[in-house]
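This is the structure, below, for whatever I ask next.
Chain nomenclature is as follows: A, B, C, D, E and F, assigned in order of appearance, with residue numbering initiated at 1 for each chain independently.
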Amino acid sequence: MSEKPLSHFPVPELDDLPEDVRARIEDVHEKAGFIPNVFVVLSHRPAEFRAFFAYHDALMEKEGGLSKAEREMIVVVTSAVNRCPYCIVAHGALVRIYGKTPLLADQLAANYLSADITTRQRALLDFAVKITERSHEVSTHDFDALHAEGFDDEDIWDIAAIAAFFGLSNRMAALTGMWPNPEFYLLGRLPRRAPENGGSGDDS
Amino acid sequence: MSEKPLSHFPVPELDDLPEDVRARIEDVHEKAGFIPNVFVVLSHRPAEFRAFFAYHDALMEKEGGLSKAEREMIVVVTSAVNRCPYCIVAHGALVRIYGKTPLLADQLAANYLSADITTRQRALLDFAVKITERSHEVSTHDFDALHAEGFDDEDIWDIAAIAAFFGLSNRMAALTGMWPNPEFYLLGRLPRRAPENGGSGDDS
Amino acid sequence: MSEKPLSHFPVPELDDLPEDVRARIEDVHEKAGFIPNVFVVLSHRPAEFRAFFAYHDALMEKEGGLSKAEREMIVVVTSAVNRCPYCIVAHGALVRIYGKTPLLADQLAANYLSADITTRQRALLDFAVKITERSHEVSTHDFDALHAEGFDDEDIWDIAAIAAFFGLSNRMAALTGMWPNPEFYLLGRLPRRAPENGGSGDDS
Amino acid sequence: MSEKPLSHFPVPELDDLPEDVRARIEDVHEKAGFIPNVFVVLSHRPAEFRAFFAYHDALMEKEGGLSKAEREMIVVVTSAVNRCPYCIVAHGALVRIYGKTPLLADQLAANYLSADITTRQRALLDFAVKITERSHEVSTHDFDALHAEGFDDEDIWDIAAIAAFFGLSNRMAALTGMWPNPEFYLLGRLPRRAPENGGSGDDS
Amino acid sequence: MSEKPLSHFPVPELDDLPEDVRARIEDVHEKAGFIPNVFVVLSHRPAEFRAFFAYHDALMEKEGGLSKAEREMIVVVTSAVNRCPYCIVAHGALVRIYGKTPLLADQLAANYLSADITTRQRALLDFAVKITERSHEVSTHDFDALHAEGFDDEDIWDIAAIAAFFGLSNRMAALTGMWPNPEFYLLGRLPRRAPENGGSGDDS
Amino acid sequence: MSEKPLSHFPVPELDDLPEDVRARIEDVHEKAGFIPNVFVVLSHRPAEFRAFFAYHDALMEKEGGLSKAEREMIVVVTSAVNRCPYCIVAHGALVRIYGKTPLLADQLAANYLSADITTRQRALLDFAVKITERSHEVSTHDFDALHAEGFDDEDIWDIAAIAAFFGLSNRMAALTGMWPNPEFYLLGRLPRRAPENGGSGDDS
């Protein structure tokens, strides 16, 4: 696999990048210990890079009713629908780390319907999958079902927006032929491995 | 339809918005003569609003191998796959205006396979639909087919990124219950109607 | 588009047609002001032409519990499932004219689930779509749901028969490469335009 | 099964029918030895009955490049796609009788791709299935493939129109809950049974 | 059809088979009056042959809450989902024989949803189809629905295991190009024909 | 997860099992260091247990043109189609161990089309997926494509039979609610971990 290129498109040298893009990449490198490939691949287009990570941060770094682990669960499950190896593996690592659940990510990727989750999480993931597969069928019944599990309207926006944003991310990964850094496969699987910062997929 | 709310979520008053968000909205209002609902609905979340329109502009306002009409054709066809009335109607208007083709948008929304388009446009739309429906099957064969029609790699990125971005947009429209401004339905249909600025869907 | 033929099959001269077929075409020409292409294209086979329009009239010209606009709504929605540009555009015009709803047809073609319709119309269209996509699943539960909305058994037959007949029509349009007359695209969109007779798709 | 009604809708007495409808039914009764249920069920609506059988005869009784057995093969295969028991069983009998192939109908109903047919018949059935499942994808490539097997344009119209017409028939059978007469199940299975007239499904 | 080989793979002579395999085949030959092709085709791999028929007998020859006819109904309906002519035709004969229902098998193969069955049988077949098409969605709700129809947990295992085993069988038939013996098509259709032993598909 | 039962069905004590079944389980326990849940869950039905593992061994323990890693790759990819967590996780471990490819199993489970495999392996997996999803479309073209990659007919039987057998296995896992032993998740991921015997999923 060593010769497989990181992307079907040119990958800029770090020194050739605009200052803010480079700073973002250096920051994630320092925190995670490696540079997740999504940063490298998307830096080919700095304007889109900035919008992509601004959108990402607005959804994944905010406060709100969804825990960090739940947000990552949405990413893994919707990326499994879209069959995106990069996002399943990278965000699977984050599910393990944030949720301290070393087995859950693989269950979610295989079949969230039988995964070891709560009723609340099942409702959350059902809605994320509906947004992913057939958003045109969304109705007030979906809002009612989520309210019944304790989600408010802002949570519902978060669920849908995360599913929608990673739908975009999945497609960019498919276009560019992005593959997960080898580090992601093991992160969070071993009890003794507890990095202060998880080395996120898209995150600094 | 007059009582149907613009969004399932709160819609802020223009005066309550951050300065830059308000400025963007006033700008599009002045150019188009009305405020496309997508600006109003998404302003509920200013951080996401900024990222959304930054992404939009990076893809739709740039120079490149695709004409403005071709970009809008991608939006109409992929939004038809996702069955998103807002984007079909609003960007259908832009197809008519930019392409000076009063009949094409309705053909594309119904069935792009039989629409009155060139072989090049057919290849472009086939790829946009593949990104939309089954991006995990994208391979170098797709790149070859597009190269054969004269597209270069940067064009291919543009096609895929536009399809991916409007996939996100379609899902946000479904979530919020966004509906098209009545103005969009007629824009570009009448030979005598030729506004200097098209009153775009997402654009200023 | 001017050189695109009306049909993949021969199109007879009006004078070469049997008397009754020609009379029917002249009649629709007089009433609508133009000859909808479906008349021209199907006249290649007079026996089938006669059966087609006899069937059409038996379903669309009859009295009954469904309004003229509702019948045309069925046609637009089932033709959208079948992705038939001719029927979507031609019968979209009739939805606008009969219902005095200049925006509804485009909403129905994009996604009837979010269109501005009544609960009764939603039930009617759900059944029409079921007949179109998976008629083998029809059961007495469907009858019950329609009765609950005030439809009687004869209305149910009408809904299903219209969906079934236009499923045939959609397939003949696909076979022949039929495209909508340019006149249909604009009919019923402008408040001032109110022809006494709508210039129907298949109708005199 | 004896109490199961012939139709979810009223079934008229023969004597209450218009003269021409009754004559048609008496004619098929005499030739087949029994009255196929489709005649009884559809007589509830005489105007549609007349159009239905006029259409049927225009397609199934005409001369042309397709043999009678091939026409019935189209009906069985497209009715299997639509999962219509009435048409599979009734027209399966006609495949056996016209083709003198006692085993073929069951093979076609199960999986025409592995049935004992010629390359020409495979092309014919591939096209009939395409018209049935995804007519919006029909293109000149389909015409080319059929020409290569010796079909001319009129044959192609016949194939598509038969598939389209029986798509309508399948849906009317589902609506009404039509079930096949017991006689059809055995017709043409036994070498010694060779009626002069096959006792057709829809035919006189 | 006479020259069509029994299998895409070599078919051993009876005398070249291991003693136990040959004995099994001779036994079914004696009871049924002919050798169902599945025995001949699978004997190419004796170890798999033994496992296949051991599995078959464990599911189909056992006592339990499902009647012999009900077990065969599962086979016909799931084989129709998988479009396997061998199993539809061979086990359709067993449905006719065990159930003394000469018409039922053809109804089940066409569309079990409209077949002449009991509510209990409908629940049984719904579950068998779910196991066949989307087993990953099975949940305790399915168990509840089956309990409500009087099935106990061991019955539920039987239904699922039969559907799963014949899913394997369907795929082996497709691989090898197995076709049904002509004898199966007629078995159980004629009132006077009542063999002591049904000449089963896979069974002795 | 600790209280989640191993199976929806009773799980016998080891001492209550027939001698041969218990011996098989003790054997795998000794070799793998733990008892894979599939042995425990299926022991509820000893006759089916014996047939299941006899079939398994006939396909997975035999000599032939497919390597042990390739056989397990088939299992992972077809189980991903069927969304079976047990088989994906357990046989993913075997892919890692037999192939000495610590990253490959997760790639295959996510999207084999973009996994790091050879052209030969791609052909093998394409055929396994076709057998899994649409075996009724298998034709001599599939054999030709596999021959072109160096597979002979016996290899082709192996591929299809493994896909078919694990299709059965996936469905039994769904029925019983089988979940993977925690040990499987980590096996083969760490360079230093190289057990002499892999602790297989179904194997001794």
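Keep in mind that, in the parts below, a residue touches a chain if its C-beta (ideal position, glycine included) is under 8 Å from a C-beta of that chain, and two chains touch if they have at least 3 such contacts.
Since this is a predicted model, take the numbers as computed values, not measurements.
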Chains contacting each of subunit B and subunit F, listed by label: A, D
Numbering shared by both copies at the subunit B-subunit A contact, with half separating same from different: same
Pair exhibiting more inter-chain C-beta contacts, E-F or A-C: E-F
Between subunit B and subunit D, centroid-to-centroid distance (C-alpha), Å: 46
Between subunit A and subunit D, centroid-to-centroid distance (C-alpha), Å: 53
Whole-Å gap separating subunit B and subunit C, where each centre is the average of the chain's CA atoms: 29
Multi-partner residues of subunit F (at least 2 other chains): 83-84, 111, 113-114, 136, 174
Interchain contacts, given as pairs of chains that touch: A-B, A-C, A-E, A-F, B-C, B-D, B-F, C-D, C-E, D-E, D-F, E-F
Touching residues on subunit D, where the partner in the complex is subunit E: 1, 4, 80, 83-85, 88-89, 102-103, 106-107, 109-111, 114-116, 174, 177, 179, 182, 185-186, 189-190
Sites on subunit E touched by subunit C in the complex: 111, 113-114
Complex contacts: residues of subunit E adjacent to subunit A: 136-137, 139
Contacting residues of subunit C [partner subunit D, same complex]: 8-9, 44-45, 47-48, 50-52, 54-55, 57-59, 62, 82-84, 131-132, 135-136, 138, 140, 143, 153, 156-157, 160-161, 163-165, 167-168, 170-172, 174-175
